[in-house]
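These notes open a run of structures that come right after.
Look for subunit A in each of the two complexes below; its partner is subunit B in the first and subunit C in the second.
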Partner chain A sequence: MKELSLNVLDVAENSYKAGAKQVCVSLQETGNRLTLTIQDDGCGMTPDILKVVTDPFYTTRTTRKVGLGLPLLRMAAEQTGGGMTVKSVSEKENPASHGTTVTAVFYTDHLDFTPLGDIVSTVTTLIQGHPTVDLLFTHETETQSVRLDTAELREVLGDVSLAEYEVIHWIEDCLKEQYEAINK
Partner chain B sequence: MKSLAELQAIKDKMKSKVVLREGSEEIRVVVGMATCGIAAGARPVLNAFVEAVNESGLAEKVTVSQTGCIGICQYEPVVEIMEAGKEKVTYVKMTPEKAKEVVEQHLKNGNVVSKYTISNNKD
Partner chain C sequence: MTVHELLQLPDLTALCLEDGEREIDGVYIGDLLSWVMGRAQSGNAWITIMSNINVLAVASLADVSCVILAEGVTLSEELLTAAKEKGINVLSSSKPAYETARLLFGSLS
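Right after this comes the complex of A and B.
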């Protein structure tokens, strides 16, 4: 993947496929360390599946026999000296509280760190594709933060879809403005 | 800063259109957004479709949606266009520029851009 934000898009898609009602994507920067967390309340995975989930030759897909989403994210993290962990509680194990959390740590000063890229585009693409699932996006540096919570937006929008062109545009501008403010 | 009041205004504007739009969507544009598609550049292609469809005033009859792996990863980014009563058209190795052309030629004027379809791009 050319940008880390594309890995985020790819791996977050799994959360929607798992039937999540809420997906949280968070980026946290402390010094040279960037922590990415993708958390959902979807169906989760059993311990058996969890063991093989970063194996490129395991996939739930039926169109072909390899699944590269998590292995690629793990590679992107490990090549900077960081790593990736996946925690999951399946619906079978705990019907009341289940879901998956993927955490990846990157060292941003490493030569092989993939730049984050267009994360705003990743957020709008996720919302456009899944307007009925809530997304909480946060990006925190040591002093500042960017935040978008579609639950708050849906309260205003009522039955107008988050996928409406004007709404997506508003979200894009809203995030861009926040990034401009912290990059000043 | 963007305010929620602005979003409220968008809502009020959209509300009046909602009733009118339901069920009037005749054409579906589906962009493959699995690992293979994303790695090959599907994100800007999807965004180009969303933008061009709206800018050409086609939002009433065209919906742009995302799907997983279609199974022809070597041809990604892949875009399928489904229209009631017509055969499905599969565009391959798409770019944002090609997407704009497809919106203009195919979605707006009804002419399939055959130079980008899978049948004309088999290796």
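Right after this comes the complex of A and C.
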């Protein structure tokens, strides 16, 4: 992917497919290290599936025989000298607490580091595509942070869908303003 | 021209030839896998310097006639096994991508 945000979009879709009620996307920058975490409370994966999940020839799709979401994220991380881990607890193993956490570490000063790109579009696309699922997005640098929690928005919005044009537009502006403030 | 016939060219060697009779239809060059995935056409010979399991997945998905690893890049034993298993033709070229493409241009047109 030309932008890391596209990898985020791709991998986060797995969380929605897993029936998550809440998805957390977090970016944490410490020096030259960028940690991306995508966490959900979806149905999770059994250890058997977890083992093959970064094999591109494994996929839950039935329409084609390869799935490249996690393999490409892993490759993007590894080619900067970082790596990716996936932890998961399946619903079968623990009906009360299950889900998947994907953590990818990137070294941003490596020549093969893919720029983050348009993460704001990724966040708004995810919310618009899945308005009934909550998304918590955080991006923390050492001194500043950007944050958006749709659970908080939902309290204010009541019955208004997060997918409404005005709401999405507001979310986009809200994130852009926060990024402008930290990039100053 | 088939993949098998292509191997008559100097500088090209077969790493995994599972379907030598596959017809080559055009050439695609690229290393950004997600990009190649959406753009390489079925039957293309795909020239790249990348060599990992995802390359084989993209080759399979895009249904290219063969992967040509430029600059003398080869496959690890593990990848060789995977290529055989998935029936993907993989060649190696001792020349860079541009020179390899020139070789192919002469033969395909």
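Just so it is clear, the second predicted complex is superposed on the first by the 184 of 184 C-alpha atoms of A that agree within 3 Å, B and C clash if a C-alpha of one lies under 4 Å from a C-alpha of the other, contacts with A are read in each partner's own complex, and residues count from 1 in each chain.
The rule is short, and it goes like this: a residue touches a chain if its C-beta (ideal position, glycine included) is under 8 Å from a C-beta of that chain, and two chains touch if they have at least 3 such contacts.
All values derive from a computational prediction rather than experimental measurement.
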- Task: State whether subunit B and subunit C clash or fit side by side on subunit A once the two structures are superposed.
- Result: fit
- Identify the partner contact of A:107: answer first if only subunit B is touched, second if only subunit C is, both if each is, neither if none is. neither
- Message: Applying the document's definition of touch, where does A:6 land relative to subunit B and subunit C: first, second, both, or neither?
- Response: both
- Message: Can you tell me whether subunit B or subunit C touches more residues on subunit A?
- Response: B
- Task: Examine A:179 and indicate which partner it touches, taking first as subunit B and second as subunit C; both and neither are also allowed.
- Result: neither
- Message: One more residue to check, A:128. First (subunit B), second (subunit C), both or neither?
- Response: first
- Message: With both complexes overlaid on chain A, does A:75 touch subunit B (first), subunit C (second), both or neither?
- Response: second
- Item | Where the C-alpha centre of subunit A sits as vertex, the angle toward subunit B and subunit C in the overlay (nearest 10 degrees) | 80
- Item | First (subunit B), second (subunit C), both or neither touched by A:57 | second
- Item | subunit C versus subunit B - closest C-alpha approach in the superposed model, Å | 5
- Query: Which subunit A residues contact subunit B in one complex and subunit C in the other?
  - Reply: 1, 6, 64, 68, 72
- Within their complex, state which residues of subunit C touch subunit A. 32-35, 37, 52-54, 56-58, 60-61, 82, 86
- Residue ranges of subunit B touching subunit A (in the complex, touch as defined): 1-2, 4, 6-8, 10-11, 13-15, 18, 33-36, 38-39, 43-44, 46-47, 50, 54, 59, 64-66, 68-71, 73
- State the interface residues of subunit A toward subunit B in the complex, per the touch definition above. 1, 6, 9-10, 13, 17, 61, 63-64, 67-69, 72, 118, 121-122, 124-125, 128-129, 152-153, 156-160, 164-168, 170, 173-174, 177-178, 181
- What residues of subunit A sit close enough to touch subunit C in their complex? 1-2, 6, 55-57, 64-66, 68, 71-72, 75
